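To start, the structure under review is shown below, and the notes come after it.
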Amino acid sequence: MSEKKSPVIPDSGKPGNDLLKQITQGPGLVSVLGVIVALVIGGLLIAITDEKVAETAGYFFARPADFLSELWRAATESYVALFNGAIYNSAQGFKPFLETLTVSTPLICAGLGVAVAFRAGLFNIGAQGQIIIGSVLAAYVGFAWHLPLGLHLLLVIVFGLIGGAIWGGLVGLLKAKTGAHEVILTIMFNYVAVYFIDFLMNTQAFRRPGETNPISPILDSTAVFPSIPGSRLHLGFVMALLLVILVSWMFKRSTVGFEFRAVGHNPDAAQTAGINVARSTIIAMAMAGALAGAAGVAQVAGTEKVLTSGIAGSLGFDAITVALLGRSTPWGTFFAGLLFGAFQAGAVNMQITTGTPIDIVSVVQSLIVLFIAAPPLVKAIFGMNRKKKKRSPKLETTQAGAK
Amino acid sequence: MKLELRGISKAFGSFYANKNIDLLVDDAQIHCLLGENGAGKSTLMNVLYGLYQPTEGEILLDGNPVEFSGPGDAMAAGIGMVHQHFMLVPVFTVAENIALGAETTKAGGVLDLQVTRKKIREISDRYGFDVDPDAIVEDLPVGVQQRVEIIKALVREAKILILDEPTAVLTPQETDELLEIMRQLKANGTSIVFISHKLREVRAVSDVITVIRRGEVIDSVSPESSTTELANLMVGRAVELNLNKAPATPGEAVLQVKDLTVVDHAGTTTLNSVTFDIHEGEILAVAGVQGNGQTELTEAILGTQAVTGGSVKLAGEELVGKSVKQVLRTGVGFVPEDRSVHGLVTEFSIEENLVLDLYDRAPFGKGISMNLDAIKKNAAAQIKDFDVRTDNALNPASSLSGGNQQKVVMARELSRELKLFIASQPTRGVDVGSIEFLHRRIVAERDKGTPVMIVSTELDEVMELADRIAVLYKGRINGIVPGDTSREVLGLMMAGVSAEEAAEQAEFTKSDNEPVEAAPAGEHSENQEGEGQ
Amino acid sequence: ACGAAPEESSSAGKYPDYVGCIVSDSGGFDDQSFNESSYRGLKNAEKDLGITIKEAESKSNADFATNLQGMMGASCNLTVTVGFLLADATADAAAKNPDSHFAIVDNQYEKNIDNVKPIIYDTAQAAFLAGYAAAAASETGTVATFGGIQIPTVTIFMDGFADGVAKFNEDKGENVKLLGWDKKKQNGTFSGDFEKQDKGKQITKNFISAGADVIMPVAGPVGKGAGAAVAEANKSGEKAKLIWVDSDGYLTAPDYKEYMLTSVVKTMDKAVEDVIKADAEGKFDATPYVGTLENEGVALAPFHDFDSAIGEDTKKEIEALKAQIISGDLKVESAASPK
Amino acid sequence: MTSSTLQPAMSVLPSKKTSIILSAIAVIVFLCFGLLGNSESAHFQLNSSGDAFELPELVFPGRASNIVIGLLLVGIAAYSWMQRKKGLTLATWMVAIAAVLFVLSFLIWVVSGADISTISLASLLAGAVVLAVPLVFGSLSGVLCERAGVVNIAIEGQLLGGAFTAALVSSLTKNAFLGLIAAGIAGALVSLVLALFSIKYVVNQIIVGVVLNVLVSGITGFLFTTVMQEDPELFNSPVHLPVIEIPLLSAIPVIGPILFKQSVIGYLMYLAVFIVWFGLFKTKWGLRVRAVGEHPKAADTLGIKVNRTRFWNVTLGGIVAGIGGSFFTLVAIDSFTKEISGGRGFIALAAVIFGRWNPIGAFLAALLFGFADNLQVILTIIGTPVPSQFMAMMPYLVTIFAVAGLVGRSRGPAAAGEPYVKE
């Protein structure tokens, strides 16, 4: 049996200051520097592909200043656009930030799903499928049933969670009962969900009356989250926030969370201590699924208001990065979700105003994740911590490994 | 080969695990390092083996300074090490493990294990090992695994052999055999650095004993020193080595195990119709060579092991078929054999580990919420009560030394009202000072009237604690004898001889039976340390 | 999207101040399908009319509204949105920006919106002719079609194709078999996405080994997989042919032009450019544009290299069928046809 | 990746579950496929074009054959219960036979009930292999990395990078072999990032993998639009690798096209499976690699450079997956498009685990997947009443069934996913 390396999830139930610590102490600064490095590299990429820069590069030796200023312009212009689209611009004030919050809502929910599973020792690649099934149930309740205000939305949420929970719980059940590896199962369940929603969208029950396009009726107004007028930000964000608090509470002060963590770290000891490992696996996966289902709810009852087969986008996969970048802690996931949300919201503006291809945005985004996750590299780049002996390099990594 | 360490220091951050250590190991000498848990012995050896770079100091071999950038260099220089935690790849065969890093190959890098097998057989023959080169390591008993480790060093022609707590997990027989092997090696000119907490064997085998405390060499003494002297030197205070427990006053038979049978999924019967009782206020020790069903017995009672037949009744209540949680709730305290695998979630804080099986019960848990204050208070009390050495109850359990980890498990299990207390290897890896304490706690539990079941491979511990002794052999109870039964009789019974015959045989052979383990009377409580893997 | 111009107002076109914008669906502008064609229309407008263009590629449904909102911020005169998935987002943006104009490709609203012009196609009409031609050209008596994902814009091709084959059998008393689509059951062969070209190739190989010799893939880039399979079959002596969709494959997929029997063309680029032109000239109207055989919004492409191989009779029959469809004597029905 | 320490690996099949499943299969075959099945016959063609000699078509009368097969399966199931009574386990080959019989009976059942009751067995199998090629390379990459202790989620990125680079280089140089080499290099580059971040900077391996997939997708997508699309003739018209037919052998029906009529990459696949298997289990290199993946500290104490070994293995894995990716653009398809790998890296990852981290196991798992995928297509072609979307689910459902029903718990290299840091 292999010795288990302790992951750096701040697990010892220390009072909720780990977040604060993360920001104020070393890692926080290093993270900021990491973002800067990634932005510089991304900026270079953007600049290289900029037409004017290429032009001026042609006569670089004649007038290098032109080239350099173009380089600077291309890169900064893009980032300014990104910032304008994600946080603030003079025309709209902080309205873009509301957009960021909107986009990050499902990311946070689904990220929590991945994080919960991870803490219970399960690698949930299946958020995608769980979001889909959650959306399907939530949307169906939302457009097919006509119920009074309040109750309707409540049922939409409940069914969305149930949908995700079923899809996740099924994986947990299969794993617990047959020992099948959850990574295989979740990958396969994703595909099954994708084709299942394709199928549903081809049935009349899920289409608008008289329409043949695979797009559902718009959800009843009683079934959707109220939103802030003039923006897309909806109450789903509050739901996400509550879920973060709930999960955070669960891990810190609930018996369920205790069981998950125990099983995640050492299933043998957990079993010896009377914890039902199989049950824990099933519940953890169901809960992970429910959280991903909440992302589905945020999509159908919040942002999109309709169901289509593309409802999950690439949320399920982004959720993995969000969760791991957030070190599988609830608040970490929350902030990672915001970061990703900002990127997605900003990217749109960047594409429109500067013509930067959208693919570049995912490149920059990936670079940022890599650099945030690799403080030693960033430190090496900035020549920090040369002298100070690394006491325990493990502590500085994002080893949220579930082993 | 002669080995000299000069002024070795090793710092982890600002903490010095070794401070200015000088050590001289002569050619063909068995040099013993003695010290409490965390004294810095393993660290020193890891420096010597090239695993750690010394912060200061130098290593000399036959008078020439050497520098090791990794274990490869140390091996090349003729140093071999058998680690405290075995460095074997569990899923490999013996031959593969031994070949690893020093492979013989045919053309094109194709492994030629035939050569390795031959070498294994040669060495096995020379030292009387019984090792199958094609066995998978994880299927082997620890004693054999250890031999594999030794063969590994010998195949590489080590002139200096480091043995870090090699006897911690061995049975008495295996220990004797190992000591014999060490003597043979010495006779063949190998120098040995030997680390052990068991004073009896240290005295039996070593030429020189160096005592280390808090990373510093305290003294070098001769093996003639008494165990009390050694213990006091190690711990730095006077240690009481005798338990002197009062005689038991057994009450009713509260635990009734009847015809308990376990067949594992490979189809082997690991427990065969085991029947015994434990009375209130009595300690029953289960003795036996490892692998004779002890683990299955405790796990079957707890419920982590599926039972094929039979019953376990605690105060009339049937335990078989209950979930682990229900069994624990019935009032069973359980200290598992391997604390780091089954007893603790080492990533959890000490606080959390102290409620690992109590987290959902009052006062710690109510419904699905937990009361963190109660958990904190509990931790403070238990840490004080059991003298767990830590500066913060929020530190992860992995930061504790082995002995302190064991205390955490014991504290947790003894902290509630018990109807039955089961402890496997209760003092494995615990330092001398703490053993007496833990033993006293066990006896105190007995004196409260709780039936206690102790499973130990350490005969000394068995004899120290037991009111009655049940000997397990090949999954059967080979006899239940009084607590004062002699070592010889127990030894024979553990080898499968029935109680009556054993008593007779022991009578006959008493005079020739003076092996190393025959410690003088009154000195039998000093060798309980062990190391869980 | 060649790093499209951030500011290109310097060009000396007719309408330098006119801003034409486009938002793709998640297929992106290189989907070798409607996004690409529509985008081409906008690019043509940029070239021909000298307008300024802005583009936003959506990566997922979540981007639609954001992209449209962004376009509103960029003061677009007319924004082209591609695909029914953008219908709600477009309607929403249109309502909030009554002064802006929109055009939506491949979607029809139940009730027309004043500032949104739907651009839709009765593709089945042209696919019908393709089906007829395929049946006529088949030597093995078996033809085939498959889709990417089962959605109306895809199945409308397959429906028309199936009817064309059936019409041929009916008129000629033959029994050409169609593999891959059962119009009655609305069930058939799909590659499952618009990405896995090798899957499309494998599907086509299976068709060929089941005896089909004319294959019409309706699967965007996956169609290239079908092309590869047909090319391979021809190299090993079989005589398989390909029918392309959306654009004239003889021109847009030249790798396979020698196997290209014909194509079912939707002239989206032209429609998009026309709508922009009209708007730039101040002649925007919101009545849906329905591409038909009649207005040449959909068409059967020339037979190119197979021109001589197709009998004159067949060509005449196809012309006649086309006339009948245009006149309304022959109705090509598909569940997915525009209402 | 996760703790599979709960129970030890079971190399022998747990017989109760197996018996139950065998019985269920027997009942399904006997009742549903047999008694309630179609009485039409199912025809299986064995020949494909270019075969040396004609084999007769295999004809199975639907109901009758399935009743017979059902009885055989009942026999096997009964035998397994008997074995269980005796406390013995069932030989793996018995289970394999039962699985094959089940598949055969399923085929007879659907084909006899379809609109067209003939399928070509030859193209079913040949197609299965073709669909499996990138999966096999991808899973070999996974095996190489995980055996050395590095979890490789970036297979998808490696395949995609390989496909892109192969297309680009082959187009520019007009030399397919240079394209092949370039694909290997591209895969290695992806691996280098994985190795650098996960080994040197001990970033969580899964994060790096997931992020790399996004990164590669972004870069290739970006270069595709900005470079390839601008001049496809120049940048995206790869010269293909030739298909090499081995004379005579390639004309053997069924087997010929699968084994002896392949592109270079097809042959490389068989070779690679063997080499990786042989290398891992029979050579010094493999012993060290496996040691590093199982117990890095033990390997370290024996003077083996753990991180160096990991580094090279990850790189090697990248080369293998990169070559696998080039199959898309140098063999299967005539040009590159975005996301051409279409999620196959994840299926390959599943194949790694399904194949129990063994190259041959992974190969078989990939083949099973390819088989199910191609069968699904063929069944839609001959006309089944099942909606296309459910047919498309088939390969995934088959995998779930196989993993949960037949394989069960699997134990990977103990140290996979954990960085090795020494003081």
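Chains: A, B, C and D, in written order; residue numbering restarts at 1 for each.
Please note the rule applied: a contact is a pair of C-beta atoms (placed from the backbone, for glycine too) under 8 Å apart; a residue touches a chain by one contact, two chains touch by 3 or more.
Model, not experiment: these values are computed from the prediction.
Chemist: Which chains lie in contact with each of subunit A and subunit C?
Modeler: D
Chemist: Just give me the whole-number Å value for how far the CA centre of subunit B lies from that of subunit C.
Modeler: Each chain's C-alpha centroid was found; their separation is 75 Å.
Chemist: Compute the distance, rounded to whole Å, between the mean C-alpha positions of subunit C and subunit D.
Modeler: That gives a centre separation of 35 Å.
Chemist: Any idea how many Å lie between the Cα centroids of subunit A and subunit B?
Modeler: Roughly 46 Å, centre to centre.
Chemist: Can you give the whole-Å distance between the Cα centres of subunit A and subunit D?
Modeler: 30
Chemist: Hey, what residues on subunit D touch two or more of the other chains?
Modeler: 225-226, 294-295, 297, 387, 389, 392, 414
Chemist: Which positions in subunit B are in touch with at least two other chains?
Modeler: Residue numbers touching two or more other chains: 12, 90.
Chemist: Two or more other chains touching the same residue: where does that happen in subunit A?
Modeler: 1, 3, 49, 195, 198, 202, 266, 268, 271, 357, 362
Chemist: With touch defined as at the top, which chains are paired up in contact here?
Modeler: Listed in label order, the chain pairs in contact are A-B, A-C, A-D, B-D, C-D.
Chemist: Can you list the subunit C residues touching subunit D in their complex?
Modeler: 1-3, 28-30, 32, 144, 150, 177, 179-180, 182, 185, 187-190, 192-193, 195-199, 201-203, 205-207, 209-210, 221, 224-225, 227-228, 231, 236-238, 255
Chemist: Across the complex, what residues on subunit C touch subunit A?
Modeler: Answer in residue numbers: 1, 3-6, 26, 54-57, 59-63, 65-67, 69-71, 73-74, 84-85, 87-88, 107, 110, 149-152, 192, 335-336, 339.
Chemist: Which part of subunit B faces subunit A closely enough to touch in the complex?
Modeler: 12-13, 85, 90, 302, 304, 323-325, 327-329, 334, 336, 341-349, 351-352, 356-357, 359-360, 365, 367-370, 372, 394-396, 398
Chemist: Can you check the complex and tell me which residues of subunit A touch subunit B?
Modeler: Contacts found on subunit A: 1, 3-4, 6-7, 9, 11-14, 252-256, 258, 261-262, 265-266, 268-276, 389, 391.
Chemist: Per the contact definition, I'd like the list of subunit D residues that touch subunit B in the complex.
Modeler: 10, 12, 14, 87-88, 282-288, 290-291, 294-295, 297-305, 414, 422-423
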